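By letter and in written order, the chains are A, B, C and D; residue numbering begins at 1 in each of them.
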């Protein structure tokens, strides 16, 4: 049992750079070039850990301790969501709103850290990041509420425990709310239609602009936290909307099967993100609200559908 | 000892304490220091006594006692303290305690500008008024206490009278509160005509006598009347004008606690007196709540005056409380009492939380303004290096208000979300869509509140100072830090022990008449975990907090020692693509919120004016200076209050003709009126 | 005391008000007022005899001293001091004023006013007459231009109200006694301040000049 | 309507990509030019793995260059040369960088900017002057507007000659830099 707990703790930070690597690899393949190996993010993080740091003189304690807290929030969320096993029914913190608002805590610190050094890019990065996350929160919460309404509880572990979604008559609301959730996850993790992760053009950056000032181990933590966040959204998308293969009991075979199911689903979703990123251009900043409002409407429609069927 | 405190004598002694405080500060008005010391200490003792009284009254039993006076049969000074009023007394005294501690240091900078005695006098009257409002159980006596509270707070708003728009704000505040009081008076009269008495307990028993139509009218009147005091959206225009004008420790008290008296009376009337409640009342309150929440936070984003920003946030939080209350009303009318109790519990918990973190924010904003002598956030910047403690307290306050987990804001918003979620699971489609919109509004408000407080904290404390005043700002004095520190710790304690508080709010609810027939006791918290009914979800605050602390420490230890042994950190200049960075280049609060304002342009109607001055006006090529004026149009002023105003003035001009100036004509009017009234009085 | 004597006193009161309307000279108006107040004191004394409560006696004494003696003396000195013999003309000419007085007396007899007039059914006629007295004295204030007659109009209205109260059987209630003492006290203030102010300001007692005060 | 058009255009594009033969030569391909790049790449990859444990971040600073060297450096990350597969990537800010590649003869008003970027880069850092203009001021030597090469502004560790150096020459010199770096490091360790 303790083993599972430890596994739950370390799984997110271990796997997340791999997902980023896979997405980069798929994008490279679409640009018909070889691209870095999928383990490159591990090497980047490891190298950055061993580099010196230059911290700006205007930075206050917010700038210095933000990376640690942001990384910690991603770890905490990683613990609170069902990855491979859902029998632990972690009643105390495994709640949907805890996950949403802990991520909001991470964004809060990220935005403040961006503003702290007083550079023009950091300021604008935080303003855009906070705008996008404010607009995305509506769709985010409502899409998760849809599935919690179907199962009847907001505890994430029991949601992923009930294998009832896709097969029964709740198929349509789950799919619609997954679409809403997917848009929101692209927005929150700063993927393609909202923000270009690999851009050098400061004007269009949202996520990158905030970590322009970081270097050395703090930059490594920030990159790692962003990767964790990406993995968290992928894992939530996979395990809450399509909870196949989640280990129901604590025996080894179920756990291994759960893990493989998790890897498989993560790979598919990373491929989906890669395809989306290669086939779509980054849209203008003021086109984003329309996209986020559609995600909100989708989730609202999904909730409407849920009730009618079970009436 | 406890039964001495919690007896009638205890409460009267409480009022007596504030009475001495008021008179004492008048006596000592000559010597400022003595007046300040006297007023603060008597307020502290009073609030401590109030806290003990409330806790005692909470545990022991609700009591009601009255001194009917011979003057007129209707008016009787009768108090009725049940669990609900005990809770509100607790909130009032708690916030007064910290505000008075803060006041000791804060009042120093008023020393030989205004009379400290007057400030003390009105301060004590204001608190006594509030205490009487939440305990009065006779309509007339309630109105007297309500009036006392409004008048005392008016004088506190116009206390800093050198500044012209403070006085104007005070005037607007007075007019708006009295418009609200007019609605309340009409409501009470209507109740009196049908139940025959002003006494709350008898109204409660004879509520059935009031016909349905009249009950709806009373509901609307009460909603408008108490809504004006609480500051819901269409009647909120006085709040962002009046709260910033008052001295900070008073505006903290006003927006932390005074607007809650409106909420208290709404609970008292809707849930206690006018039972049973038709469905559309709850829906109306829900709609008003979500509109106030959303628009409140949007207007807060457009503000660059720090205290106005906080005032608009009070409107937003009142909206959230109304969401809890509205869902409670909807569930009572549907007969589903456990969920109604959950809604009420959520509303009350958010009232307590909002009182703590909003007063913390106002106090820290007050000490910032105290040092920089301006309220404009564009002039701040980099204050964290000059006022680290105040920055930390403002940081804790903004984390609590944007509902981030370890602090108390999150847990009350968690409860509100659970109630709205249960509402969504309810049956008919129209009610469901209302609840969906309410949940959407609450979610969007959470996000926008986070945006607003990143802006407020960032623009004020982070990066480089944008004006010379910031350079010689010192840390706030000891008493100010103790006041703010206490509130910050309270925010954390309320958050971590929210489980225990949950059960407290449940048994407040059970005492109200709406929930008398409670089939089974609803448990919304066992031990330290908050539980939504029907096993809908649960969160345990201490475990979450422990998880936070554990993970943050392991991360720091791992990164600091295990991985990174010999790396040194240098202090360099901020890199900004090589340009030399000036403080003007960093983001300001208007710049920060500009993208959100453009997104919500339909509601906020931003307007931009350019004024360009050219070197020589003939050749318009080389602009010498360019002034850009960004502002958002206040649609209430131009679409609701301006036409109303012109209508009234137009009418009154037409009536002016009767003022002919000759006394005889006036006496003839009297005669005609006497005859006609006698004639008609048949 | 029997009804006829009360009727006689009320008749004196009513006639004195009518006379006030007709009076040309201020001097006559003040005399009429003196007669009126003495009638009221007698009336009060009569009701004291019936109930012999000490308060009433005290009230009678006060009214006697103030209204019957002090008031007229004060007015006489005022008239001599400022030599205001003639009272200024009225708004409505004489016949029209009389018609209006007649209309008032007729109105007060209407059964519309029955709840007021037959509080005590016995002296229904007395009460309606007292009511008519109130209206006519009120009309006096409207009709006259100069300050003294207006002041006297106010005072006569007070007297008629007292009369009405006595006939309505209220003489016992503390309210009435209190009211009478209070109104006498007020009378003192109004009369002095009002007249001296107007005189000092306008040089004459004609209130129509106050029209310029209108903004 | 136009969404359908866009959609099937996408499908055809992807099919074309997946169908065409891979042009980056697998080990056995015969074309000499391309195999040399691959050989070079492998060596660079090993060196990067040894020195920067597998990830070398380069920040390219334009010190007033005539954009020739920039074109070549950009070409490094196109489908043909694709340096990313060897563990090298270009980053947006000197703070994130290990190696600074400075191009152009550093004009007078760019001098302060280059110095600031140099100070902003955390140690251990390598400064490389790319192209003749950067090394000695090239065509613009002695002109009043330039500071005659990067060396007069910032201490330069290595230089890549060529006006502009072709991507392959840049890779060759990069390999030399890494090898000398490796031996230099072996000496001091």
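Odds and ends about this structure:
By our rule, a contact is a pair of C-beta atoms (placed from the backbone, for glycine too) under 8 Å apart; a residue touches a chain by one contact, two chains touch by 3 or more.
These numbers come from a predicted model, not from an experiment.
When chain centres are taken as C-alpha averages, the shortest distance to the whole-protein C-alpha average belongs to B.
Comparing the centres of all chains, each the average of its CA atoms, the largest separation from chain C belongs to D.
For the pair chain A and chain D, the distance between mean C-alpha positions equals 32 Å. Averaging Cα coordinates per chain places chain A and chain B 36 Å apart.
Each chain gets a centre from the mean of its Cα atoms; for chain B and chain C, those two points are 58 Å apart.
Centre to centre, using the average C-alpha position, chain A and chain C are separated by 92 Å.
Multi-chain contact residues of chain B, defined as those touching 2 or more other chains: 570, 572-573, 575, 577. For chain A, residues touching at least two other chains, in rising order: 50-54, 202, 212-213, 216. On the side of chain D, the complex with chain B involves touching residues 93-95, 110, 112-114, 116-117, 119-120, 122. Contact residues on chain A toward chain B in their complex (touch as defined above): 49-62, 68-69, 71-72, 75-76, 79, 91-93, 95-98, 101-102, 104-105, 107-108, 111-112, 115-124, 126-128, 130-131, 133-138, 140-142, 145, 148-149, 152-155, 202, 212-213, 216-217, 221, 285-286, 289, 296, 300, 303-304, 307-308, 311. The touching residues of chain C, counted against chain B in their complex, run 91, 107, 112-113, 115-116, 135, 138-139, 141-145, 150, 207-208, 210-214. Chain contact summary for the complex, chain D toward chain A: residues 10, 14, 17, 20, 22-24, 49, 52-55, 57, 78-79, 82, 84-85, 87, 89-93, 95-96, 98, 119-124.
Only residues 570, 572-573, 575, 577-580 of chain B touch chain D when the two sit together in their complex.
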